[in-house]
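Several structures are given next for inspection.
Each of the next two complexes has chain A plus one more chain, namely chain B in the first and chain C in the second.
Our next item is the complex of A and B:
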């Protein structure tokens, strides 16, 4: 029987551990990193440090919320980073009318990109990765046409938004938290959220059940674009400058990482908002830890890769059953 | 090799059971035998008899007795066991899928594995083929203890499996699919296409498939694709001792079924152990030598199939007494319903290129209209067109007199049309969502206000239907993908009933679900019609179609070719309508077409 592989039965415990890891591993990871830092990183336990970390992670969280919806619908949105750039260009151009008008224009710009994404996907049937890749290139191009070079933003309102805080918590962080709550509520409690999950899980079944598949998909990508535009607006406020060349670069990858590490399967049908937020925080903490211990930035990237592989492994092993 | 010598000897005495015992490789032989068999001249008549099952059983028994005379009962027992399990136990979270099951597959024997859904058949097969590893129990292969770590290991050891769904690459050529990964090569590593094509043509001829092997696989019928999968599996293993077939005929044409039976006969003659899973009793009696019945994960019965009559087999599967089963008949339909006057559904001139030609039909409230015809006759397309799931070239649909926009599922649903699709797994359920979410799916907007879902309203609806349809789930929050086929179908029914439809289109509502659930679904359909719903019923199960329908519209090649009403709604008339509809060239007499339809029809 040389051709038979003899192996003992897979312990059922392993299955349970993997399931647990996919569900809660991201929280465990955050907790571990916090403990490690508290123990070994000097000055880690300071309000100032936490504030810095939170401010840095806020835009990623906001973009990742939209990404979670796109991935939950069995799609992906690669154009989010470019939408941030488009947003910052529009903000610079319309700042003359005041921050509110600038925000509205930026959001409309993000929505427009999302509308094009969604229409390509829902009506023409282009694969999400291809459709949003086109917009990823196109939107950044447009952003650079609108604003070819870096421009300083000197607006008191923007300055307050970027660096102000309420009860010790920066506005940017409060906004990200509020958006996360809203998106979580939408996913759980609205018809839109339920329909989104059904469409992500089985598109043919959702269609035959009479669900408005196209409308839902378009809304998903519009929301994704709007959230990216808001993130771009907030980043502009924090930097007090508009830089369409570099703003949002590789943001799509950070957002996808947060979603995946947070335990949302790429196969659609599930959206985990809490996990997504934790995923973004995990990556942020990991980066901060390595930087504070004077490791090269390249090590950060390698560490991120390891975390992503672990997350995908846990999801895969579970799916195999 | 006693086994190898048997079939030719059995061939003669078999007579009417001929197709069950195709001796040699050419499946055409099998068909000839069937055509010549006097018993098949009026196949419907045989089926009409009250003791239908017993008589068919007898036909088969003649064949078996013939063999028993040669080998003796003990001789059959002495066939070498190829693959066996003892005390097999497999647990899943919250479920004991297999509980100390014994099973033995013997060389040159076709072994039927039957049971209701949830009986443990699939789990057993998956253990045998290396997909799952058992929690307890001994697996022994060719007389030695064995354990397969992966399906590949099992395959390499000589255990081939073909599933309902074909796992091949649709856009590659037939030949490449067949020889993928072991293409004949020229010097220098280039693929020798000439040899590859010749070899694959020869391999497929053995399986009764004559196709251009250069064409993409996707262009073949499902049956031919299955044959390619089987040929690939058998040839890839080098030496095949066991072939497992999991509901191989569920999407086959009658002609393809006969080809498959021919192949099974050949495998048996070669001394291969065949494990055959099917819900169709006719098929079991046609091809199987032995049977193992599972129920709720336990072994209920194992032994030769000959001598076990149909009612006994059904009662073993159901775990009910014979009298009960007999009293209730084989289907749950009562048949006649009082019907209203004005049609609730009227479809006129439905036309779609290559698929539907001017199909018109009416359904009155409280009426069950059957849609008869062979596979590919346009039944599913008609239902989908009415439900707005297929764009139409021409045609009108009205519900209760009001026109419905065609080509729009939401419009059809708003008008009160509900479709239970044929492909339950990929088009019906949303597997990752819970029972509750699946039931609520279509009616979500009705159970919401300002886009916010009312959990209380959903709970109420779900509770109502779970108890009314007797949906068996651990909790409403269990994933639908984890339920048995019958319960999945009930969840889908609940989804549509929550929409309070006027017309229910049922496309193969009982296909692939166990006997008990089947009876329940049939009963439900009856009740719904009595409540005044218009029902359009599609079923390949002739018995179900006839007993369930008040009227049957017969389709062929996408066009209506006949309608049975009143006393004409009988299996005989349906056979005649279908047989008359068959191409004159392929059916010299009504018999073969009708016989074929029956072979494929019973579920």
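Our next item is the complex of A and C:
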């Protein structure tokens, strides 16, 4: 889009600082928050505390990975929270056949929602916000139809998955880390990753260049749905209960926040997986810090709002070129 | 004998409106008609079937109930229509709505004027900040209003001691009448909503500001080159939306007698759905307020019908609403494409 207003050129060094901040600001933020907490928060430097924080942030990270792909393709997926709810309902219904079958059914459910999202966006040309909004409403309803109320999950396998750990690191965290590595590899090193970024940069250009635009978009939303379903499965394991009414509420917002704070521009064409993980950690640490210092949740929300605005403001400078 | 009739400006406007779908051909005009009035046809059809199938649907009590409960969402959808016509989106309306209600209930103990002005001032300010960030700093509307959604709910929580306090509307005040009173047998909120929609329709269709709204949504760069005040128009649109959402919240508090703190979740999505169902394109530059009203009524009638069936619980309502939205956007996109591609 042509920029019609004349802008005064930024001094070179200021621009360099800004660019550095865009690139590494989120890591700097995490480091600062860690230092502040180590200095001022009692009992912060304990393995137990780190474990708690990591376990809490893991589902957000998993969902945000898919969201980063959707945003990188110049889209968005609002249905992820509802897919988590659908996943937890399916897990409760199929737990009788064992955790593996339940996981497979949940993943198939998430993939199906993603397939509908992707088809609406790729074939019919519906805007991602509207398409995924419809599925957000529909999938949450479906989750509640399948399982109208909270149900306890009593399965030893699920309990191990939810609270067990390997070498001091909870399984949930290990799974999130592994998924982040896989997604980062896909984005950086595979043809699919390149195609995704090209489409996010300019869909018409990608189409003219002969890229399989529709197929890539559908895969993006299917992956997004599958990751949300996995997050729902893990959350169910951790809570030892299936609660489709509240699980995943506002998860789409947390995930979008993590992606944006991590420096992935909303205009597409660029995906930063490391930044996304750091973005999720930053928000988690910020919330934890405020709560530990007895600030009320209301202030936590206001602080989050400010961080989001600052992050997009920083990201905006890049777009000017 | 031929009758020569003077052509009035209204006639010319009507002729212009009729010719508006680019090009000619009955197919295109039909597409345009379906896109603009499809929701109305669906509304009439569903209401007709419902009143034949359920004895309790077309009763005065039920219709009145539907009308009043639609009024609040309709006011929010009115503001959302303006935002979407400029090509933007506002996710903060649900939080602003609940904040407006809480502030109004708190203010009602200091009189009706405070009960109305306090929410309008605060919610208008939130809208103004949204608008300035979007128009002047050119940040994405989606993410700015997402932040405002968190921020406004945070402010609401800090005002109510983390949601623990529910302020009651002062009893017997004029403000309570605004929500619960009746005029000619129809609830006051319904009258207010109708008046706002008439005003909104005139503002969008017949004023310079309205033309700017369409121009900005149609093509921002072209609008700027033609001298339309793009930034000011956008700022005003988001401010207006904040004002309307806050006012709807205040009215809702007057109706409920208290500033309930758990409202407004998902309201932004309902409002966007209503606007889209009503024939306004999310890509901007096209749309009309009447459609949004029809969209709201359609959502509420579907909700009511599902309640009438009784054996279905409210979860089905979400499934049906979601499925309906999918069908509508597919139809919209298909119709819009038929009109645009030569």
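Simple rule for what comes next: the second predicted complex is superposed on the first by the 310 of 321 C-alpha atoms of A that agree within 3 Å, B and C clash if a C-alpha of one lies under 4 Å from a C-alpha of the other, contacts with A are read in each partner's own complex, and residues count from 1 in each chain.
In this section, a residue touches a chain if its C-beta (ideal position, glycine included) is under 8 Å from a C-beta of that chain, and two chains touch if they have at least 3 such contacts.
Bear in mind the structure is a predicted one, so any value in this text is a computation, not a measurement.
Asks: As a test of reading the superposition: which chain, chain B or chain C, is in touch with more residues of chain A?
Replies: C
Asks: Counting only touches as set out at the top, which of chain B and chain C does A:211 meet: first, second, both, neither?
Replies: first
Asks: After lining up the shared chain so the two structures overlap, which partner does A:127 touch, if you call chain B first and chain C second: first, second, both or neither?
Replies: So A:127 only meets chain C here.
Asks: One more residue to check, A:246. First (chain B), second (chain C), both or neither?
Replies: In the superposition, A:246 contacts neither chain B nor chain C.
Asks: Please work out whether A:190 is in contact with chain B alone, chain C alone, both, or neither, and reply first, second, both or neither.
Replies: First partner only.
Asks: First (chain B), second (chain C), both or neither: which does A:160 touch?
Replies: After superposing on A, A:160 lies clear of both chain B and chain C.
Asks: Which partner does A:52 contact after superposing on A: first (chain B), second (chain C), both, neither?
Replies: neither
Asks: First (chain B), second (chain C), both or neither: which does A:270 touch?
Replies: first
Asks: Residues on chain A in contact with chain B in one complex and with chain C in the other?
Replies: Common interface on chain A, chain B vs chain C: 1, 4.
Asks: Chain A touches which residues of chain B in the complex?
Replies: 91, 93, 133-135, 141, 144, 146-150, 153, 156-157, 387, 389, 409-410, 412-414, 419, 421, 426-433, 437, 440-442, 444-445, 448, 451-453, 495
Asks: For chain A, which residues are in contact with chain C within the complex?
Replies: 1-2, 4, 76, 78, 116, 120, 124-127, 129-131, 133-145, 148, 253, 256-257, 260, 266-267, 296-302, 304-306, 308-309, 312-313, 316
Asks: List the residues on chain C that touch chain A in their complex, please.
Replies: Interface residues on chain C, with respect to chain A: 89, 133, 137-140, 142-144, 146-151, 153-158, 162, 220-221, 224-225, 269, 272-273, 276, 282-283, 313, 315-323, 325-326, 329-330, 333-334, 337.
Asks: Which residues, counting only chain A, touch chain B once they are in their complex?
Replies: Residues 1, 3-7, 9-10, 12, 189-192, 194-195, 197-198, 201-202, 204-212, 269-270.
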